[in-house]
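We call the chains A, B, C and D, going by the order they appear; numbering starts again at 1 in every chain.
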């Protein structure tokens, strides 16, 4: 019985649990005035090779909404892919935190925005009848499991700069994206033009920890007030920070992401080899979107495997998400079940070991 | 070196840490659709002896603001003590979550609201020029460390009912209050007329866990959307719920609170016996507000003890907060330091033990 | 020199000016507690043949935003055509008044929404991650100058009812639409399923007057507070009401609309007969969207005629709006100029009069 | 039968009605891009002897709320007198427009704020738990009919500057205040430290017209978007502007105010001479707050005179408001009625004329 529902059905990585246990000793000043929280900001500055302002936050929705609110006035427009998590899956959190900004949904293959699409959608600057272009948001990795190359981010950023938009990145799966890209954290973000990053850890091994990272610290000017007002300033902040500290130590974040990505690649390779199975998007991080032969999904679920149907019902599409904790055996068990249920010939394991 | 800054400088209770470790096994459905979250609601229903709707929330500010927003329209008035945490210490969170309601500050000794004061302040119902009376909020225990008796809550509730106000209770220190009262959780809340309770655990042994409890579940109708929209629906919710479950097991919540209260009482008794020291409010929970002779506070701080000055600078008042983890020895160490610094005769310990 | 920029470049109709002059005598109770305001509601109930709640409002944006806010929670979705005034031209007023609802833009020919399109777009009801389906908004007449038939409104309403959406109608040009339809005000609105109507007068002869009409008065429960809070409760309300009263007297509203529509039809007929000129949408009310041969628009503007280019620059499209005050001579002057500038043979007026 | 309910029960001054009639000729560009609107701003700059940014607005509540929102973040505090119109009579409009700022009510005799009171109330700057000091609002004339002298405004402004607060003035009755003060408009406002002024005309002879005047135009940077979004950008703006233009011509605004003030003074003098009648506040503009002998108010109302009881029921206080249109005869009729009903000896008019 394998659970590919999401990377958030997992618990925390052992290193992060240990860090939490260690952090539970002695007293610490509350509300983020503790040493761990300071160290997290310093560590992020090292990792990203630049001055920055960083704020631990417990959920991705809050991190995105607060980050966007820092760069978007109430009468602002935020451009994003139509399928972006902020547009579809956060029950209007960005609208709430920005006091009513408008998300402008853009089309684009594999959940990626093309620079021309963005450029063509921006309108109304300086005209009082229209919401004012304020920000563009990219998901990295995207909602289709694809990854923006630095050059792609740069091209978006060039449009953004020309129209005076801030560039926010929803990095709920930033580690998974970076593990795929052959570049530094800096190259994937501020060097490519990113202003604000939701640096996600929850899906990749933390209990509940993200950081909102401002590469232009002046944009963080009133962030602390907005965070408090949103109820997101934790009194015992050190416990969020301890998770991030462990996450950033010994490349845990990248090791975890690589493992999740490798499992996704193994799953993708196995599935792609089966007749009647197809992938809806390139598999570039830890999510797969797969079309299965009739009845196979139902068979898998009947056997106790868990994953979600995706998109409109008639699409026949399913999402499979691997995580830092996914075992090779789980992938193989799942693949065998798909093979069996789809009537594909079983891989002859005996011969392989001969 | 004793830290009496706040009950939120502490870590988590061992029982809660253990519960978290246990919860970290296997996968669980995300976003609160897990078993632990269901059990928490059921357990709260047992503890409060009534049907209720309960929602785990990670911070007290969010719990208060979301609970109030559920019963207050944007054009509503929320009556509260002028010193209430929601009025002074949450950077406008209730205004934010309610989309602009007005907090009407009321005076009252020892941070308690008298029913007549509330009654006299309510105005404008049905008149379009005025914000509309919507809710009254009580802090239990109060910001002065005092506790409302059930009859006092009832008297407030009677005014509230007459004016069609919801009654919300900020129970960040509800356990401390209940440990003082000789009554059941039900008698302290819904039987006395409370509609919505912030059931606090963070200050009393959790990492970050509260529950918003609706004793009239129909008032929770849209709570889930508001929580999500506020970024307070945790994907790995089981880790908040696991804390609450442990907190509610084996009366941990009350045991912790009794310990904190006992330490406050010991501290109060010790201080009250000293010349030149006076208490600004009755000590009924785990907070003390104390006036110290000139120079004593500075002396204590110089020795490394930590606590906050309180109120206007000229008041000479300091706040001392004990916690579930406060040791008798810490109290005694602190008392001895006060005695020494204030020139009071040292307690003759030798003789006592003779 | 003809001004076809908009129907809001006009002044007020003489009947409405006279009504204002008459209303300026004596004292009247402020804030809408006057007799004229009561009469307007009663008169609208007669005109629409039903009980209703009606609120005078001075601008169309406010009327739409307040009407929508009455039926949409902050976490709600409002479905509308992508080109709807509320989506494009009100700088986020609906988002502001609803405290952050999301407008979901729909495609559709001639700025009309098809019922299937609406049906296909509604999603997420009861699922906490998604904004909740709350309302659908139709513009009548539409932003392309077309008009929904009662049967078309009914078909939309049927989808709306099935998904528990309120149906709001932006009737900034409701009179123009009704003048085209062969039906009663009731048939065009509540009998077809409309719940809330912005009944516009400003564009059709008033100074500044609209009414928000609730056909289900229980939906207006908190409208008065929201209106006051938005700064839209006029102290000298009688002057808004006096405009509406005159507007509704002796069918002035329909007479004005018929005149504007007739001038649009005359203009459309004249233009359609010219080579190289085409109409982008059927002309069903008082707006024309016309493509002109190269250079003609520039020539017209150089001669002092005024109107706006429309849509993306490359479309070559222009909008012409007639009004209650448009004279036949103005239409003919404009048509002659187009003919001349586009090199079409002049209409031989001499012969016609011979 | 005299109506002293309010200065908003009046119609418009003849000069303003005439201006409206004149403005109703020809077409004008919509949405404030017309000549009259430009002239109003220029005229205000002359009147106030400084560069400024001015925006016509139709209601006082909107003018106050929009002006305050321009200088107050959502997490800001606005200090005002507890009885201020913005605090009591606008159903939360400032909270709405600022997206949830907090109004901090201050005490003060005769509805005036003392600088020390303001200074003592400001707290929390830079501390994330507290709303951030952002603005102070003065009503001129006040809700008790008193008037701040320029030196008093300066003293408030000095405190404001020290704490980096903007100084907003609710000038719904600014003309009445200025008519009392022996100073220029500039001295009463920006030279004394006012940043933003609601320059009221509605109560003093307009139909519905105010101007939000920014003496530091950079603070108006996003005002136009907020106004549009609030539904307060009138399409036929020229009709608001025409009222303001007439109001500012030939000192109409001051002539009207002087007349209203003179009538208030006459009324006050007459009432003060009667036994058992007392004034609750100095009469410095066009409002009187008067305590009448038992039964007198009821008698007056029974005779058809109209005015409002004021404050708590037991106060026995009534408010009388004169206006630009109040006739001497009305004042005298009213005074005679009070004399008669209170059993005071009738003034012997015959003898006086002898």
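Rule of thumb we're sticking to: contacts are C-beta pairs under 8 Å (C-beta built on N, C-alpha and C of every residue); 3 or more make two chains touch, one makes a residue touch a chain.
Just so it is clear, the model here is predicted, and its values are computed rather than measured.
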Label-sorted list of chains bordering both chain C and chain D is A, B
Centre to centre, using CA atoms, which chain is the farthest one from chain D?
A
Taking each chain's centre as the mean position of its Cα atoms, how many Å separate chain A from chain B?
35
With centres defined as the mean C-alpha position, give me the chain A-chain C separation in Å.
43
Please tell me the distance, in whole Å, between the geometric centres of chain A and chain D computed from their C-alpha atoms.
53
Mind pulling the chain B residues that touch 2 or more other chains?
31, 74-75, 90-92, 96, 99-100, 128-129, 225, 228-229, 233
Contacting residues of chain B [partner chain C, same complex]
31, 73-75, 99-100, 128-129, 132, 222, 224-229, 233
Could you list, by residue number, the parts of chain A that touch chain B in their complex?
3, 5-6, 8-12, 17, 20-21, 23-31, 57-63, 65-66, 90-93, 96-97, 202-203, 207-208, 225, 228-236, 239-240
Which residues of chain B touch chain D once you look at their complex with the stated criterion?
74-75, 88-92, 95-96, 98-103, 105, 128-131
